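Pasting the structures in now, so scroll down.
Both of the next two complexes hold subunit A, though its partner changes from subunit B to subunit C.
And now, the complex of A and B:
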């Protein structure tokens, strides 16, 4: 018999059957209910009918969210010496699968029908790399026994060895010193439900109820933002750095992030190649002048 | 094997320092525990850059080479990184540092003593063996001693009585700025960053530099001011401490000046064992551009 409250040390978190080194997770599930009111019986006092509440009626299936913050490790995302398998677990790419992620566990609760919505990570000098993933969930959750797993030494992605860089349209930016770097990729999805599929009374035989037939990928966009000592000079209306007399034929600007573990093992590389969406410079008392540059890439 | 107290040399900013009484060096690395759901504590990873401290206590036996000034009269080491080393075992071994910045400089003296100099250095670079030059590259100023008759404290707005002790200190706050390592695809393929950025990319002095001057006088002509008058008037004074060579009383060994400093406290001490004394404390702020 387990304790009534689940300890952090016993609350394993896994996605698609793969354990995550998560330091926090937030799982929420909610039905979408509408209040149904109707006109009632004749009331002699008002010579009419009063409205009366009948019931809560579901208008959609159960829908939930999972927000998970985790540490990226070499062991988890490098297989057979091949780096970059992080993109397999957090696959957000053109042509990505629309299949749901099943066999998920957060503490004592397991669930299926989960779809990745966004993935991001931050790098700051001398800090461990923290990542965040956000998912949409359709259906209900089931209780499981307490799960834990044992790990002694993990080779985490760390900014001590990881590195980054920026190159604007007009060439390399050697003068840029990056104080922090943020990567964020978002997938916008569309939920498809078939009327006939949800009509049959069999959907009420399970708590999951109705689940989407398909959750398609609408668009995928990624952004990378750096905090730096400089701005990109001569930014033109197309979001390019223009040092020549023509705005045409300029290459995209690019920010790269290369994640390496503390032991120097290559884990994954990320980039955003596109147009400069925004940049700013701030200076305030007790601070240096800090610039922010954001580059957006449309994946799909 | 141990190393006796007369077998060490302290070299800072290219000078082999004279009159050294003690040197303390230390460094620290900050770690943060990593806790994971379903496991608990897994490991602790580095959480901040290496930072060290060096404290050097000396007797004032010459002009201080760490008080070099530029053409504007500003202390050069307020804005400049220094390196240093403690040499021992016939100068074959050393504990050195790079990218050090003076964080505090103070002088204390009482009647009957040679002034004490305390220098605190914050180290942002490397620490350990073989990290700094192992020989002196500059010539230290010659040895000259002051005595109690060769020191003078001057305050611009009153005639001072006999001084029994004084202290002078400057606290310099520095801010190191760190950046992520830099690299490209080629460096990714090589498995290491091109620019590792383990040291700060810039270290800046945070102005103003606070100057504290305190001296104790034997009460004679001086009378403590009426405090409300002083608060309303908020007068500023120039205070200078000049330390001359006892053998050649017109040659200054070191001098310390507090410009536009404000008297912030006065205290009177009277006891059966000694003469009545008055202690005055001045505070000033040095700026970068004016």
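And now, the complex of A and C:
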């Protein structure tokens, strides 16, 4: 007899053995199958060869995705007084890893061989800071017993206490009032599987089948966008603010985000230092003028 | 770089050698490559090469060997359990990557193993609390754990061995391309044929030479680390003839070119993962390296093989290890067998699995349609190309017509004979599993692009036609998923596989032909041991059936001249006493000696095993071992603790080898009976099968001749003193020989149903010494 429907409260979500206070998670796994049809025997009715369906043939290993949306909290991302475990968990500080994230759990299902594709969060007034992470998964999932999320006194990162700042190349942070902030880091990965490494018959004894030999880390780019009262004036073709007579020797523009809990506990700091990619200004009736500024940093 | 270094092979590549010269005591990672000054060659690390660091554990009651480790993609792993939990003390610090040599096992577990994991303080290995301590998880390199071996009183030795490049091929490769390619790699086949066209669309294809079928293996390596990429490119750059011993010359001997390298078992893939292909020589002078990102490279490598002889079809050209048909084996679709009857390969076509379905039935008469072997069970076995092509297929035709140009731009087109539009089909066989891909590839290579085969194209072209396939490509898409594309060209003559085999009328088998050796020389004048006139000497005489049918020998008649010859055990001319040794089994050499009490050494009624070997000459003969039955076998009997063996030479002297060995007197004795007589009586035949050799024993009956008079001191006519004189029965005539020998003659007439000569005469001669 199958288990009853799993309640959200009983659906524990953990990544690399670390529990997350998620408000949604979407796990998908799919084989890559190609339909194989061949020419069959002659058929008098159509005066030609019948088409025979032979099979679905696998063309790659099992591949899936995990999209998880969660709240950043002090309890979960501060260990031993170090507030930046969130960076380590998502390997942002180290520039991502080729090693798989194992020991993952979504509801009743556990799985290994997971690799981060992107991580992002939003800060907006009076809101809890909500993050999103997206992963690629290789191999299959296994069912586990239900594990309830253990509630504690969660102290979420909160935009009321958290703050961010922007400094344009030629200006200071005081020039801007930040209304909201977005952070997004994306890693491009490549994957391949060896032939011989998967020829052993033991591969067939597990549902996982072939898993990649290497999921490499390619380019890593992070982008931060703020909504503010101002735009960057005198933006030049290099993406810098140029107030002097030379476009050379200017510093990069930078956006910082400091995440703090409602109790004022420091949780994490994120930043992007690079060139201004875009900016815009919108004014409409009944609204203040709102500017959007995006800075991109090339990590790798 | 000095001029001297310029010519050292160490510097003849573009890729930098970051590991430099091999250093003992240094750990190397997989894909590192080193220059080994010991032999001046480069070596490439197949796996992490961890220095042994002198680690040596030798103890009893300490180490347990447990076969049941986790199953890995590299096979079954094992555990070494250190019950003392002392792997962190100096001298025993075993770590991942070490190669351990285990010696002294009483459970047949000795061998070399690679460490893949080390854990201390394990309280319950495999859920068994009795198994606790430090655990080394190992993978077999040479040998494997065959039995559980708990720590016990026997002294086990575990040594971490150093991986010197020149003597550790498990860790270092020199001439073996071991790099594991990606899915999507392809193998291209192309046959080099002469095409002879005869008009009306008729043609034949003829291989240009015995190495006409070439392959090019296009290996894809994607997303590889710099370490691996450097090793691959360096390996290829370093196999362009830099290390050849012979100086290149414009007149190369065949074997003097670049020696190439092997496509190693760690790189070959289905269905080329066989020792046949791994022993072939490959070359590479075409590769591409794309540097994509900081540690991300794509490489495409084309390996070529140039010397696969199509004469080695039986061993398999590229797809090997095909078993012979077995009547007890259950076969299923796409199984391949080699049928020894007609020396052809057959492919299981049926959807059901059966045993006992012979591919052919042997016929007594040769027939143009099927020769001597009629294909049977054709609902199971096939020699047609029966695999169905994948969608889609494009068929274009361009009929062959003649066109004549006339004035004012007018042209007239007219027919150019028959077979004006032979089909060319570009077929795809996509997403095929391992078994089907192997069968298709084997089928195509066994026709090596020149032999036509039957194929039924999709309707409306579905009439069974003959095709040849001169080029095809195999792509390994994914595990158990292969695609093959092949170009089928219609062959204008429609024939079945059996008809193709029997285009040439075979040489008809000839009737049996008896070939007897002649002359048979008992002794040679002045050479070797002499034969006296009163000796009794035997000698084997051989005959062969040189024909294709069994010969019946009806009579053997000795016509003696001046001496007496006989055939051992023969009782009358029609009593044929031939032995066909090739047709005998071991038990035929065991027999019981007659109850002749005059036999020396108490041999009467003894059961003996005669040796198969026989030595010629007067001192030669046969060995007999006294045996006693023990159930369904025979054990050697002993005499005073020594194997009770006898040797009887061709003069009849029996030597007790046991007595001789024990230093006892009277170890030999003459007996007029040859012990081999009973063996001949038991096994003699008058039939010589085709191609077989028969023998029989001719005996010189010196002491029995009634024509012997003796040595005369009187020269009766032309003789002189000490001549040997022969006279006939009535003393009417005598013959005197030259001093001091005379030659005796006899002729053996063998009468048989031989096709060429019914009667074959062999001359037997003997020199007799005074």
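FYI, the second predicted complex is superposed on the first by the 279 of 300 C-alpha atoms of A that agree within 3 Å, B and C clash if a C-alpha of one lies under 4 Å from a C-alpha of the other, contacts with A are read in each partner's own complex, and residues count from 1 in each chain.
In this section, a contact is a pair of C-beta atoms (placed from the backbone, for glycine too) under 8 Å apart; a residue touches a chain by one contact, two chains touch by 3 or more.
Every value quoted in this text rests on a predicted model; they were computed, and no experiment measured them.
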Subunit C versus subunit B on the shared subunit A, clash or fit after superposition: fit
Partner chain in contact with A:181 - subunit B first, subunit C second, else both or neither: first
First, second, both or neither for A:23, with subunit B first and subunit C second: first
Contacts of A:209 with subunit B and subunit C, given as first, second, both or neither: second
Subunit B versus subunit C as contact partner of A:219, first or second or both or neither: second
After the two structures are overlaid on chain A, angle v-u-w for subunit B, subunit A, subunit C in degrees (C-alpha centres, nearest 10): 170
Touching partner for A:158 - first (subunit B), second (subunit C), both, neither: first
First (subunit B), second (subunit C), both or neither touched by A:300: second
Superposition-derived minimum Cα distance between subunit C and subunit B (Å): 31
Touching both subunit C and subunit B, counted on subunit A across the two superposed complexes: none
Residues of subunit B that touch subunit A when the two form their complex: 32, 34-40, 42-43, 45-49, 177-185, 187-188, 191-195, 197-198, 201-202, 204, 206
Touching residues (chain side subunit A, partner subunit B) in the complex: 8-13, 19-25, 71, 107, 123-128, 147-154, 156, 158-165, 177-181, 229, 256, 258, 260, 262, 264, 266, 269, 286, 288
Of all residues in subunit C, those that touch subunit A in their complex: 71-75, 180-183, 185, 222-225, 266-270, 273, 292-296, 388-391, 393, 430-431, 458-460, 462, 476-481
Subunit C partner contacts - residues on subunit A that touch it in the complex: 34, 36-43, 47-49, 51-52, 54-55, 57-61, 190-200, 202-203, 205, 209-210, 213-214, 216, 218-219, 300
